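Should a chain be cited, it is by its letter among A, B and C, assigned in written order, with residues numbered from 1 in that chain.
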Amino acid sequence: MLNKLTLKQAIDKLGNKEVKLEDIWLDVLNSIKDKNSKFNIYLNINEKYQDQLNKPLKGLPIAVKDNFCTKDLITTASSLLLKDFKPQFESTVTQKLKDAGGEIVGKTNMDAWAHGSSTETSQFGRTLNPRNSEHLPGGSSGGSAAAVAADMCIAALGTETAGSVRQPAAWCGVVGLKPTYGRTSRYGIAAMASSTDSPSPITKTVEDAAILLNHIAGHDPLNATSSTKEVPDFTENLGKSIKDLKIGVIYHDLKGLEDAWALFAPQLDIFTKLGASVEYAQAMDPKHAVGVYTVVQRSEVSSNLARFDDVRYQHGRDTFGDEAKRRIMLGTHTLSKGYADQYYNMSQQVRTMMIKDYEKLFETYDVLVSLTSPGFAKKIGATEGEAMFGELEDMLLEVSSLGGFPGASVPCYHDKKTNLYLGMNIMAPMWREDLVIQVADAFEKNTHWNSWRNND
Amino acid sequence: MTDSNKNYQLICGLEVHAELKTKSKMFCGCKNDPFHAPEPNIYTCPTCLGMPGGLPVPNKKAIEWTIKLGLALNCKINLFSKFDRKHYFYPDLPKGYQISQYDIPFCYDGYMDTSEGRVGITRIHLEEDTGKLLHKTIDGKKVSLVDFNRGGVPLVEVVTEPDIKTATQAAEYGRKLRDIIRYLDIGNCEMQQGGMRLEANISLSENGDLPNYKVEVKNINSFKYMEQAIAYEIKRQTTLLKDGKTPAQETRGWDLNKQSSFSQRTKESAEDYRYFPDPDIPPLQFTKEQVEKWKKELPALPEQVINDWKTKFSIEEKYSKLLINNSQTTALLKSIFTTALENEIEPNNIAKEIINKNIKFNNNLKPQEVITAYQQLHQTDDLDSNVLAQTIEQILAANPDAVTKYKAGKTQVIGFLLGQVAQQLQQKLDMKQVRTKLLKALEN
Amino acid sequence: MKQAVNKQLVKHIAQLANIPISSQEEEELAKDFSKTLEVVDKLQKVDTKGVEMTHQVTGLTNITREDEVNEKNMFTQKEALANASRTHDGFFVVERLIDVE
């Protein structure tokens, strides 16, 4: 069952010639054949690959969210408008992946146009949570998170606008690492909210995420908002002691989180055991983040989707699904004359306030920690009829996304009955993925919640 | 109730779009050469074709050129500026929005002086051009064919205050603006190629106050047509106003066959473009020093050059106007004229010969080459300096009255004396040389 | 400020956004809209006096490119047209619009 290898294990074993690449691919493809029709994780599968043992990622099968333009591989963003779209160019991040020896085993299902937090708005059917098929995988990178959870790939790529990597990672019991905004290039990825979109690794372990991030991060001259900062070796922070680090725990007193918090709170003890200081801290009420995020994201979305029509694409704007229509229309409204001041401009002001709030907290704390999601993965059907499900669900993640701060979700609790997970969200100041990785890795190695590392 | 004695004043503002002749497009590295492209849709990329994930990165040169144009037009420069998205739907606009500038344009508050007064320039901003639509009927169906070669080309927009008072002033402004853009070598402004597009906002005022309506006339592709269009609108609007009616606030096109304007669509209120700062493009920040440096790099503008050349080189204005093309050419010509003076040749004559194409001219010539060419053209017979000196002596001796007159201050008598020398020598002479020698002799 | 989200507004927005919607959709969207705006309107209670807007979090300025042609990134005509629903002699094709010049 070589598909169960982590990225690090696969790289090492291939290096020692303990395993053959073709055997890993065989097991991965077999698991896809077995489970994909049930779980609807992949929209498109690719069985061709090259042996790249001289390259860091050695030709290993990586799952890629279907909003990354992959040359000559159909890219749909889970939308009917793009169902026949074959990009004639490669996104920068997938090119970097390929340059490092990664091979794309398939394009994963998502909320259509990334509009959602459950993968239910996909116009090709929902994805099921591999941990418990009566539940949803989260979204919008639900397919990628599920592919990792089901060992239907060795690692995956997703994108986070506000929660779309960390939340499905939490719901699927895997690791999702959202880097600082600008750390990874957005070129060639169907844009959702341009000012927050962050291509990210979704993986089995924190170490895998650090490895993958090493290869996909970096300045892109084609993306004016990408950072020219040197990309450090993110794996340097693995195994580092967290002694004397200051951890601030936020969102501990929010209504509606009580049940999950009761399970979450004891997990913080490990930090104290490892020598870090843990303090409960007060952040600005995230309920405002919902309003801000809704307006900013929907405004930018309405603008970013304006380019899709049946002049240059095969299908027209009449194929947009309900959620896309809702978001485009609200975004159009919040930017329109007479309303922009009230909505868009004001939201950007509140955004400043929330960012400053986190910055102030980071003056005291090295990292901020909280629950990733208000609860376990929801049951299928539970989100129906909720016009704002996505934004409410991601409330705990929106501020870090709006501010561009890096954060990772790691599994921090497992319910044996349902087989579902809770995730812990670890956030750090801009450009401090090193702290995120350090703390996340310490947690993962010293607890037994990660299903590949310290088996349950 | 009409009042045929009322006089209406033209209140006119112009909006001019000019394509910049950068090598690449405004927000991507595609080739900027739409007019000469051999095929449609060969200069596109994910960014200018509006593909998923296509992202804009601004062209540094286009920004610099826009600011230089602003400085040449006496504008203030916004030290902090940005690009905004302007949303509307049209098949030639691939992203469903145009990247432009909304409230913080690069340049603002400038002016241009014309023979009929000063025209204020409200703003100059930078944006991207749209693709082109071609209308055809295929298989009986009316369609439009879309070519995106032009989509994304840098476009500078110059907007004036409603200061224009006559149709001729409008045409003068337009021509001057075109000349400046060409002179700075930042655009070709070939109107037939769409390199420069004119729009006029026209209304009439009874008492000088800003009227409560505005008619926008679009699709004017020559200065002559613009004059005609404005004249036509003045007539049309006057008739309406005298009848007690207010002309409709609308956009009109110019039909050059019928020599009349026609209504295109009613502009009740401005379209809702839902402007917001483009999140893909970090803002621009300039320093005062940078702007000063750009100001210093500006060449002297055509008008000033014409004056300079008149003063320094005695070159006739009509020649200067024909020669001043762009600042590179001007710099070269200046060296040529200076060198001419050093060789005792009249620069005005060189100018004439260049214009008449008797001397071939291009930007790669060295000044001495031009002088030599001129000298060959005006080869004078070899004149023995002794023979000349002797002849001069003879003439002066034979015309003592003339000499006295000259010494008394009546210098115009030189002409007569020169004529006498020429007559005596009966050959092609370099009159400048002769004159110099004659003057010397007279001083003794 | 509470929004009176009626079908009129929804129709207008759909037009601005170039999204075709049926009259049944108008009704449903109006309801969704109201719900969403209720949440968003809560923002009005926040005191934002003197606060600057954040449009970008990178803090970057002056990111530009040299004026050079990037052949590598350019599409061939074939590539540009590859996903079009209709082409003709190298052009994209669209139905003629009514208010065309």
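Just so it is clear, a residue touches a chain if its C-beta (ideal position, glycine included) is under 8 Å from a C-beta of that chain, and two chains touch if they have at least 3 such contacts.
Quantities reported herein were computed from a predicted structural model and do not represent experimental measurements.
Which chain's C-alpha centroid is most distant from that of chain A?
B
State the pair with the higher C-beta contact count; candidates are A-C and A-B.
Per the contact counts, A-C leads.
Could you say which chain's mean Cα position falls nearest to the mean Cα position of the entire protein shown?
C
In whole angstrom, what separates the CA-based centres of chain B and chain C?
That pair's centroid distance is 37 Å.
I'd like the Å distance between the centres of chain A and chain C, where a centre is the mean of that chain's Cα atoms.
Going by mean C-alpha positions, chain A sits 24 Å from chain C.
List the centre-to-centre spacing of chain A and chain B in whole Å, with centres computed as mean CA coordinates.
It comes to 54 Å between the two C-alpha centres.
Quick check: what residues of chain C touch more than one other chain, meaning two or more?
Residue numbers touching two or more other chains: 16, 18, 55-56, 58, 60, 63, 65, 73, 75, 80, 92-94.
Multi-chain contacts in chain A: which residues touch at least two other chains?
In chain A, 85, 89, 195, 221-222, 224-225, 306, 309, 311-312, 332, 336 touch at least two other chains.
Counting only residues that touch at least two other chains, what does the list for chain B look like?
Within chain B, the residues that touch at least two other chains are 45-46, 49, 57-58, 89, 91, 96, 146, 272, 274, 276, 279, 281-282.
Sort out for me which residues of chain C touch chain A in the complex.
1, 9-10, 13-14, 16-21, 25, 29, 32-33, 35-37, 39-44, 46, 48, 51-58, 60, 63, 65, 73, 75, 79-80, 82-85, 92-94
Please output the residues of chain B touching chain A within their complex, sorted ascending.
Listed in rising order, the residues are 45-47, 49-58, 85, 87, 89, 91, 94-97, 146, 272, 274, 276, 279-282.
Tell me, which parts of chain A touch chain C in their complex?
Touch residues, chain A against chain C: 84-86, 88-89, 181-182, 195-196, 221-222, 224-225, 227, 287-288, 290-292, 294-295, 302, 306, 309-315, 317-318, 320, 325-326, 328-330, 332-334, 336, 342-343, 345-353, 355, 387-388, 391, 402-404, 430.
Give the list of chain B residues in touch with chain C in this complex.
Listed in rising order, the residues of chain B that touch chain C are 22-24, 28-31, 39-46, 49, 57-63, 89, 91, 96, 133-135, 138, 141-148, 219, 253, 264-265, 272, 274, 276-277, 279, 281-285.
Going by the contact rule at the top, pick out the chain A residues touching chain B in the complex.
Listed in rising order, the residues of chain A that touch chain B are 67-69, 75, 77, 82, 85, 87, 89, 91, 186-191, 193-195, 221-225, 299-300, 303, 305-309, 311-312, 332, 335-337, 340, 344.
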